[in-house]
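Reading through the structure tokens given below for one structure.
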Amino acid sequence: MSFLDALDMGKYALYVWGSFGVTALCMIIEPLLLRGRLDKARRRIARLNRMESNEQ
Amino acid sequence: MQNRLINWFKFSSPATFYPLAGRLAPIFWVVAVTLIAIGLYMSFFVAPVDYKQGDGYRIIFVHVPASWMSMFIYLIMAGWSAIGLTFNTRLSFMMAQALAPTGALFAFISLWTGSFWGKPMWGTWWVWDARITSELILLFLYLGYMALVAAIDDRRRADRAGAILLLVGVVNIPIIYFSVKWWNTLHQGATIRMNGQTSMDETMLLTMLIMALGFWAYSIAAAMVRVQSIILEREAGSTWAQDLIGERA
Amino acid sequence: MFETLAWIIRRDVTIALRRRTDVFTTLIFFVIVISLFPLGVGPDLDTLRLIAPGVVWVGALLASMLALEQLFLADHRDGTLEQILLAPQPLSLLVIGKVIAHWLITGLPLVIMAPVLGLQYDLSGEALLVMLWSLLLGTPTLSLLGAIAAALTLGLRAGGVLVALLVLPLYIPVLIFGAGAVEATTSGLGGGAHLSLLGAILLLALLGTPLATAAALRVSSE
Amino acid sequence: MFETLAWIIRRDVTIALRRRTDVFTTLIFFVIVISLFPLGVGPDLDTLRLIAPGVVWVGALLASMLALEQLFLADHRDGTLEQILLAPQPLSLLVIGKVIAHWLITGLPLVIMAPVLGLQYDLSGEALLVMLWSLLLGTPTLSLLGAIAAALTLGLRAGGVLVALLVLPLYIPVLIFGAGAVEATTSGLGGGAHLSLLGAILLLALLGTPLATAAALRVSSE
Amino acid sequence: MSEIHRLEARQVCCSRGDRELLRCLDVRLESGQLMYLRGPNGSGKTTLLRTLAGLLRAETGEIRWDGEPIQRIRDQYHADLLYLGHLNALKDDLNAIENLRMDAAVRGSSLDEQAAWQLLTDIGLRGCEDLPIKYLSQGQKRRVALARLWHSDAALWILDEPFSALDVAAVDALQAVIRDHLGRGGMAILTTHQEVELTSGTVCRVTLGGEIPEVRHV
Amino acid sequence: MSEIHRLEARQVCCSRGDRELLRCLDVRLESGQLMYLRGPNGSGKTTLLRTLAGLLRAETGEIRWDGEPIQRIRDQYHADLLYLGHLNALKDDLNAIENLRMDAAVRGSSLDEQAAWQLLTDIGLRGCEDLPIKYLSQGQKRRVALARLWHSDAALWILDEPFSALDVAAVDALQAVIRDHLGRGGMAILTTHQEVELTSGTVCRVTLGGEIPEVRHV
């Protein structure tokens, strides 16, 4: 069985790739969103820090 | 004995848990990526073609693990909530909230892959079958929980209100499951049910297990990162958080 | 203790009767929803008979859900809820009183009215009777479960709609057995089993929900 | 003048987005109502296809009605409505602004979501398209008409349910033409005529209702 | 505010339910004057203020602004009027700056962010600008509501118990701004149960609660 | 009320959102004592009162009634407590008599119609008994809410700005009833921005708004 054979799902291509594709998409996007959220939280604290040190 | 107890409470404080989560997250990311890669390889190249369903059955390798995880995560969240309400530990509530979006995501994936499977197998995108319906309701429970927590600005109130909702929901889940099941069998006739899979091939089972473990590691990793964000968002004013971030900047 | 319960019920019922609209509008909402369906679906009697149990039950569910928002909100706004929380009585007792009053005001009229509406959908006498019973056993459960959601969303701006979101998953078993009972009767299977299940759920709810609601109320009014 | 309109819209949309739940919960209510019907009616796809247009439209109607209560109520409670009444601008202009914002928040998401839900009922692509159009033309009318009822019932205790009572009769033509358009498409007749009627009703409502709503507001806040 | 304005109530009677609250009030207020409305609880002060603002309709009699009945010239009258009732007219979910800006927009004027900041500083709320109003204390909310006065160019201010919930510092600031307003030729009508300095100055004092309202210029 | 009671706050800290309102309050109140809570707007008076009443959970620290933490003996503490907040806790659609009777019932005591009439007379509301509360004026509503004090046998009264909206006569009456309560061995905690005679007497004065709450026995 060649590589391409394995990826060709015959008449099921749409369904198999529709499922795996969306799953992959979700599981890639979620970590990216998580990363963004964590960075945002860190930046906010850094900003608070700067504000505080400016005040002093 | 006494010592161990104190240790536990030490880790239940957000300040000490934050670095721990930071150390755990990468480990679980690596585990997740490895397992899922192996699982994907096996599901496309190792697992044989099903004689009845052709290649369409390969959807099972994401569908079933996602379904399992969606249910499992809800239970875990309820567990954290119970702990939080009894011992009054803030971290437990944060863990529950950190898990929720991932659980909802898996519920969604289960529904999505299920209907992408249903179209070629049953000829329709959606059927009001017992399992499918209870999975849909589970998604609603997740969404309800997240909406409730988001709608309350006061953190302490959000924590406790969400926990109560989760516990009520978890009591309700078996009732939902059986009611839907029973409702369906009563006037069931035309709808196809998924039961042709009893004699499952061993490689298939193995693949599914590997994928499930991969998803499990993924959930933990995601929850760890999210709990870090939640901790930082809440403790933005505290000195330890400011010191921590200050060092990096 | 039971005196306090009686007073709470009396209080809420008096207030509702004072503005009679409270009682009538839930009822009329129910009537309208049910009468609206033939307009949307078309007048074919066979179809209507088929969907009747579902429509009546969904109508009952929506009506009771709509009324839910008012359960604690008014008390929260004017501060009486604070006094209830500070009363030297078990809070779950007071909660039961409020829920009973709520059911008397919004649930009971609807139960009584349902058979009349069922006639619009050409249901048989027996089916109507079972419908009456299923509603009588089911709607108190709706009020009890709904109280939890109402307590949790107390005072949130999106309250009304959020209640809907939280409560509907909880309502589903009641809906299924309620509508199922009527359907089983029309299809000749007998609705007894469904009715006993509804009864069992009611008992469970009666035991468990007041505590959850009381806890939710304390949390929400912090 | 249009600046004021823009500010009013911006204000209400900001408040709604501030608590994102406002947008999502109307939508999710709609989703749940529509998903609930099969649970009451049973899972048979033929029946479901038959009742789909009616169910989706009744769902849209209930969702938009539920959200209606919030239209002026919050402003009334905190006194901003008094300030709006005392503003040196034509009141009907401010009313239009509030209704537009309300539709953007509660109506639009629902229109976008409807086709996806139609899939659960196994509707054809063409029918889904017509459903989208009918909702796009119909739901603003619902908001405009609903505003009158919301203004009239302002501050009455039974507000939420009373709105339902007043508004549903007004909604019936919209419901009939809306559901009719989809049905006509599924039965091969084409929904064009229905859609143009919906458009005409929308224009009429746009011209007439703001004045009526403004008058109702002045009366209610005396 | 260089123009001269005139508010007259002629033979105004108000009643609520079957109770006659106010019989035949005749009063006249001109630019630069303060009217202090007194009376025990329930004597009809709020009712009268709402009537003067055009929110309630008087049973009989007429209220005139610069000689014209206020119903006839509603938009113009409202452009000259600023009314603050028992309620604060603030949106719970917006913060103080947004509230002030939205409020200005509804009244057809505009207020930029900078100016709104300045207003909040004047009223002593620096540090609470980005909290949603619902988190503020009773007195802080009242302060935000009153901040409108600081940038108002309306000729007539109608204030229903403006001092309630305010602490001593805020009461003083408020008195100063009202005095200022009067000095620039504005007019103000207010009620309060707290005796403050302002009301013991030169005022037109209307006392409700007796058979007939008593009007006295001090 | 012959028993002696004792309320203690130990190391109580309260915070709202990310703001610390109150740091380490230590205070102790005994039978017959009045505690007067002062502080500018937004300094946390309402928050502290709600915490003392058990409506809010203190961030840290403990509140004890007769030596027991109040969470532990909730029902008993609440039987000894009467709390009146910014809100009046009256049902708009019921009249004053019904409101008072229902309120008593919720608290597990009872009040017959005759006694309720008498209470209303005491508080100066004769003539408004059968109006639904919503028709009453701001001050009249407050009077009905305060009427509870006239027949209360609770040992501890917690009153949040009780004098607001009241006219002079009502303020005097309220002061008298509080003094009476203290005389019979009750205790009371109150806040107000209006200086009244009562608060200049022998009191425990707690001032919020500084770094640390200041407690002074005068």
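What to note about this one:
Going by the order they are written in, the chains are A, B, C, D, E and F; count residues from 1 in each one.
Note that in this section a contact is a pair of C-beta atoms (placed from the backbone, for glycine too) under 8 Å apart; a residue touches a chain by one contact, two chains touch by 3 or more.
Computed from a predicted structure; not experimentally measured.
Path length between chain B and chain C in the chain contact graph, taken as the least number of steps between touching chains: 1. No other two chains have as many C-beta pairs in contact as C-D. Two copies of one chain, chain C and chain D, form a contact in which over half of the residue numbers belong to both partners. Chain centres here are means of the Cα atoms, and by that rule the chain farthest away from chain C is E. Computed centre separation for the pair chain B/chain E is 57 angstrom, with centres defined by C-alpha atoms. Centroids of chain A and chain B (each the mean of its C-alpha atoms) stand 16 Å apart. With centres defined as mean CA coordinates, chain E is found 37 Å away from chain D. Remark: chain C and chain D have CA centroids separated by 25 Å (rounded to whole angstrom). Of all residues in chain D, those that touch two or more other chains are 19, 21, 25, 28, 32, 39, 42, 74, 157. Shared interface positions of chain E, i.e. residues touching 2 or more other chains, are given as 86, 92-93, 132.
Each of residues 140, 143, 147, 151, 154, 156, 180, 183, 187, 236-237 in chain B touches at least two other chains.
By the touch criterion stated above, chain B contacts chain A in their complex at residues 29, 44-45, 54-56, 58-59, 62-63, 66, 101-102, 105, 108-109, 112-113, 116-117, 119-120, 218, 221-222, 225-226, 228-229, 232-233, 236-237, 241-242, 245-246, 248-249. Residues of chain C touching chain B in their complex: 148, 152-153, 156-158, 162, 165-166, 168-170, 172-173, 176-177, 180, 183-184, 187, 189, 197, 201, 208, 212, 215-216, 219-220, 222.
Across the complex, chain C is touched by residues 53-57, 75-76, 78-79, 81, 83, 85-94, 98, 102-103, 105-108, 110, 132 of chain F. Taken together, the chain C residues at the contact with chain D in this complex read 19, 21-22, 25-26, 28-29, 32-33, 36-37, 39-42, 47, 50-51, 53-55, 57-58, 61-62, 66-67, 69-70, 74, 156-158, 160-162, 164-165, 168, 172, 175-176, 179, 183.
Residues 124-129, 133, 136, 140, 143, 147, 150-151, 180, 183-184, 187-188, 190-191 of chain B are the ones touching chain D in the complex.
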